[in-house]
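The block underneath contains the structure these notes are about, expressed in structure tokens.
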Amino acid sequence: MASRVRDPALADRGALQIEWAEMHMPVVAKFIRERFTREKPLQGVRIGAVLHVTKETAALVRTLAAGGAEVRLAASNPLSTQDDVAAALAREEGIEVCAWRGMNEEEYFSCIRWVTEWRPNIVIDDGGDLHAMLHREYPEIAASVWGGTEETTTGVIRLRAMEKDGVLKYPAIAVNDARTKMMFDNRYGTGQSTIDGILRATNILFAGKVVVVAGYGWVGRGIALRARGMGARVIVTEVDPIRALEAVMDGFDVMPMIEAARRGDVFITATGDKKVIRREHFEVMKDGAILANAGHFNVEIWVPDLEEMAVAKRQVRPYVTEYRLTDGRRIYLLAEGRLVNLVAAEGHPSEVMDMSFANQALSAEYLVKNRGKLEPRVYVVPREIDEEVARLKLKAMGISIDTLTEEQKEYLSSWQL
Amino acid sequence: MASRVRDPALADRGALQIEWAEMHMPVVAKFIRERFTREKPLQGVRIGAVLHVTKETAALVRTLAAGGAEVRLAASNPLSTQDDVAAALAREEGIEVCAWRGMNEEEYFSCIRWVTEWRPNIVIDDGGDLHAMLHREYPEIAASVWGGTEETTTGVIRLRAMEKDGVLKYPAIAVNDARTKMMFDNRYGTGQSTIDGILRATNILFAGKVVVVAGYGWVGRGIALRARGMGARVIVTEVDPIRALEAVMDGFDVMPMIEAARRGDVFITATGDKKVIRREHFEVMKDGAILANAGHFNVEIWVPDLEEMAVAKRQVRPYVTEYRLTDGRRIYLLAEGRLVNLVAAEGHPSEVMDMSFANQALSAEYLVKNRGKLEPRVYVVPREIDEEVARLKLKAMGISIDTLTEEQKEYLSSWQL
Amino acid sequence: MASRVRDPALADRGALQIEWAEMHMPVVAKFIRERFTREKPLQGVRIGAVLHVTKETAALVRTLAAGGAEVRLAASNPLSTQDDVAAALAREEGIEVCAWRGMNEEEYFSCIRWVTEWRPNIVIDDGGDLHAMLHREYPEIAASVWGGTEETTTGVIRLRAMEKDGVLKYPAIAVNDARTKMMFDNRYGTGQSTIDGILRATNILFAGKVVVVAGYGWVGRGIALRARGMGARVIVTEVDPIRALEAVMDGFDVMPMIEAARRGDVFITATGDKKVIRREHFEVMKDGAILANAGHFNVEIWVPDLEEMAVAKRQVRPYVTEYRLTDGRRIYLLAEGRLVNLVAAEGHPSEVMDMSFANQALSAEYLVKNRGKLEPRVYVVPREIDEEVARLKLKAMGISIDTLTEEQKEYLSSWQL
Amino acid sequence: MASRVRDPALADRGALQIEWAEMHMPVVAKFIRERFTREKPLQGVRIGAVLHVTKETAALVRTLAAGGAEVRLAASNPLSTQDDVAAALAREEGIEVCAWRGMNEEEYFSCIRWVTEWRPNIVIDDGGDLHAMLHREYPEIAASVWGGTEETTTGVIRLRAMEKDGVLKYPAIAVNDARTKMMFDNRYGTGQSTIDGILRATNILFAGKVVVVAGYGWVGRGIALRARGMGARVIVTEVDPIRALEAVMDGFDVMPMIEAARRGDVFITATGDKKVIRREHFEVMKDGAILANAGHFNVEIWVPDLEEMAVAKRQVRPYVTEYRLTDGRRIYLLAEGRLVNLVAAEGHPSEVMDMSFANQALSAEYLVKNRGKLEPRVYVVPREIDEEVARLKLKAMGISIDTLTEEQKEYLSSWQL
């Protein structure tokens, strides 16, 4: 099967988009690509990727191809594909794409299957659907994979569960857990783009609003910080007492969701768990409450409850669905409860994907180099890669930092002070 | 002449937009409208308005009409009209509209002329073009106007210049200077929506960027605050030493534009003056610098210099024009140097326009009530109106505040403590 | 009568303090003093001053003396005098001092009387007690005064009340209302030093605490900003709807004191009014609540109610009084309800007093220059003085700013755009 | 030897201090102490502690004693002892103290030796001097120790170096690395108290100042955050590229110290390394620059260089030493380069020590319970202890949080989504 995209004629527009992204991704699209082009470390390697098909992913895929890889790319979310970018990628040498915005569930999985059955050497996943399909339906192909990487918290949780159950078939690098990924992409990237998605969808004023953020992991704290930065009064909900305490010390109000539900104007979920906002919470919300999700799956806001409770439902703006309840209250669900930053805005800014994807590119290279040497376990990104990404990023920003003198290094490693 | 809009068929979509805005504008669209509907304080009054034709303006115009007024509305900017809203308004009783997005300069002024020649009793202006046309070309009609209002800093500066020159022909209320307008709309509204406009146009990451804000008036400080809230490193430029010092004490770096030009990643002008960023600054900017304007007129970033200096120019994303200079550097101008929040985003959020436009509605009522009693001068919004707007807004947000006891009032007014 | 201070032997230590202050007050102690020394604009003028006797006041008084003035200085608060500074000042040529920490009320007024009966030409006051005594008890001397200045909001309120009653006897400059005073001293100075005073008195952790700030004027917003800057969750109480709304938009929770009283860990009053926190509020506070005042008079927290309600009272740390209520709850009053920043810390940092006192010095010079030309009214600080202070301060910080081109000036003053 | 303190007569004053601290330390002084009193888990255990002898440490020691332990306490810093607290502790049952403010180096080590030679079962250290002495001079006693804990980053580095060299003789719990310690004490505690110490020492205005923070670990980021919260313009220096990048994304300027040295008004070191600010930096600093250290040892600001360069040196305020250089510039060193928050202020606020010391108390209990079962390695604080501390702290603050439903727990542990 050749590439399946919405419309190949969109390719020129997509190319312009990719150019814009690459301008803001100097680590992936300049520093690493120049070296890959020179050294061809991925020569002939089949890389199967399931990622949001955006202009930033295009920059990664093009760098992988520049390193000599053949790439098959499928969408990691039915609604997140940028059709023009997909078209532009599909016409490039060594790259095949199966993705279009608005694909249904069957189509979605057929594309992942198309990647799987191609017998990739390296797999790059975002959310874990590719890893899950390989292990559940194609154990024999899974066993042939050299190694994989995973972009999200959700996917890493799934991989670790597989590792714990003893069923993991190939070494997997938790790119999500790289310091230059997790602390940046999840916090600064999702933090900003979630606010951005809500603004584009609603154009509400954040100043003075009560914004409830569910979850105070990296994503949640990024959102809380940016919501406050826009002037909102922020309430955090948590299940982890240490994180809850940290949120309090950071100056946020913390309370159970059932209390927050009564006070919030805007609710944003970022927990990685299901049914975080559900019937009991909908029942006490204010008229006009707005709900958005920043977690990987559309299960955090439990839409089935809302559907059941509603007496009327309509689209009032793009990505804004109004549910009218029996008592007349109206609740506004954004992006059908899917990732609001990807559906209603453009996902992470390129600058932050530059760091995540630099980790992806260097981790793929690492897996190729270490083929056959790694146990089938979940690995953190090697520290050298992590620091190299930071160093290149600082270089791109024109920022220099101090280095330790020999005397200082020695001092740090000595205990007989 | 009947209404002139892009396409009457867009009216249904526009009506949905207006409904959304009115939901977030309880002061204008609920509290004041209910009273106006009951009391009809504007019965038979001809109100000529030149405003950005947005969903929020629609809420104001509908409230004026509910008060009994006939309204003629023209666009105050060639690029800011929401065509669907214009269509929805044009089909309402007592409201005529002349506005479409992308009108040329001649069309723009013909619409204002159409308002002027209608001999309005009350004029509502945004930027001062209506006031200027009345005084320059139709002095006799100007003399028949009962009173006017003005929405912007720029327009008020023009009105005060007219007052100083002794040519002002009718009393004018500087709605812009209302505390509930200036301190809110300019700061929280433009602050947020300027960031929003830049995000929609570019999708850049603000965290870590050096953002240069020219001007530390209410608009500038709103932008500086929100840019910092998004994680940017902010530099402020000023000409007023007191404001400059305030910016320093607020923790911003302050320096002349010629120095800031070398350091900035993003430049935002908010001064009300012309040529704030010009050839000498373009000459030293970094490759990739992004320029946006938040001031009323497109003169703050001096585009003619950029046009002269460029060897190539192209559109790389909607609202993003790339200028390539002889030395290869690329400079990105957003929205052609026009108001980035109106062109690339949706302008002020409804919530903040609720306050500006509550002042407009109540000031119009005040001018009608005081017809013939006011000298042709520039007036501040009466304190009672200003406070009433705040009281209604707090009420809408469900917030109550303290009141002084008699003993406390007495203490405050006594000097023999 | 010669100077009355605690102990002349403290003079050397005081001189060191003054040196430290003057190092951080380049506008008063370097730029203006150098000019005053050269030009002697106050030659032979008797200046009576009632000010907090601190190292910063010393810098002002020494600059006035350098300008040729004879100065008599009395304390404006019984608890705020730095005895070593008083001693150091008292030994200087042309300066007499009547002030010591812990003076009683009778002694306090006797010092002000000593200033009054000296028949000063110019009077400088902080709080209005000198102005009040002159007008109430010495109308004939008041009539001979060339002019006066006033440092505080409270004092200006009293002067305006006198002006309104038609009893004001000399022109008075509201130094408090200078932009370079009010917006800086009240906000950045009191903001920081109030937090500082509370920290020194209690050593509590601000992060995570609920801090209730009563009043959102310049002082209140400074405190709210700094409390948030230290990680507190801040609640604001107000009686002015516009200020209340501004506090909400700045991201603070706003509610009546009776509600805030139940939630607060720390309460700080900054209203200029009396009985802001009183019996009804004490009754619902949490065990351990801490109360501090940042307003001029010790009437904002109504101590008589607390005294009545308490079954036991003791000093637990310097400046911390514990009141034990019948139900066992303990309430901690700082600095007896007096200005916590002056009593428990060192008052405003020198840097910010540099600006207030530069206005004082230049306003005194202005009153001398314009002797006999000004009506007995309350005046704002002339704009030239205000801007000159800012310009000198920026110069001292090594910061330069932009200046308008001729073309830009013309643009701003033109309305026929 | 009995206790050695400055003056037993200070005990009453010290008891009042301890009461104040315990009021703000409900986890240690209420929840855990109540249980320890009931269960006596430390009955007869000899606990040797080397800690800053402050009112908060008193709360911990009294809780250990309440649990049945005998405690010997020595100072972990020659300048940090509160003499009244030492006196109050020394008169309590089961507690002996060797500490007074201003002890010399010989006295300092003699007190630690006195703890060591007592043959403690459990050792609690702050900085690692006790661990080092045990291993270096008393290997046989070290071998008899059941286990130890360590409070600081510096001490943990030393322990890990010992572990790596294979010389560690007993299991050691890195209390410093507990999430409820490191993320709170180092960040919120040192962050606030460092600013507090600088304020008490200098009374400078932070607003507008350029503050240079060396190191962006937990301590450094706390200081940077609070300095910004006070209105400063903050520059961060780092040697770790990932932390440096994080600082940039958090909106701070990042540059090498040699550049920052030219710009800073205030310098604060928080790196754990030596000679972070040295001759080359002193040479380019501005006249009036202020230097403070927040790291454990007084080696970060390299005072020997300053001493060599100075032509004059004097004490200008308590804890402020002025060094005059040959070119006339004056540099101000606070607290002789020692921990400014402990020397010039009161160290961590009680609230945050409540968490650190709750970890200490529960870790000591854990080491006793697991006597003989643990290898001589460096351990993290068990997750149950860490979470228990957070839970108790939230409870003390009256804050409740959500709990996972069974369905949510299952979702999180499942990978076959």
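The chains carry the letters A, B, C and D, assigned in the order they are written, with residues numbered from 1 in each.
In this text, a residue touches a chain if its C-beta (ideal position, glycine included) is under 8 Å from a C-beta of that chain, and two chains touch if they have at least 3 such contacts.
These figures come from a predicted structure and were not determined experimentally.
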Subunit B to subunit D, fewest steps along touching chains: 1
Distance-maximising chain from subunit B - centres being C-alpha averages: D
Angle (degrees, nearest 5) of the CA superposition of subunit A onto subunit D: 180
Subunit A and subunit B: spacing of chain centres that average the CA atoms, whole Å: 37
Centroid spacing, where centroids are CA-atom means, of subunit A and subunit C in whole angstrom: 53
In subunit C, residues with contacts to at least two other chains: 188, 207-208, 228, 231, 245, 248-249, 397
In the complex, subunit D residues that touch subunit C: 16-17, 19-20, 23-24, 188-189, 191-192, 196, 199-200, 203-208, 225-226, 228-231, 288, 316-317, 320, 345-346, 348-352, 397
Touching residues on subunit A, where the partner in the complex is subunit C: 207-208, 228, 231-233, 245, 248-253
Subunit A partner contacts - residues on subunit D that touch it in the complex: 128, 132, 136, 157-159, 161-162, 165, 179-180, 183-184, 187-188, 237-242, 244-246, 248-249, 254-257, 272-276, 297, 299, 386-387, 390-391, 393-394, 397, 399-405, 407-408, 411-417
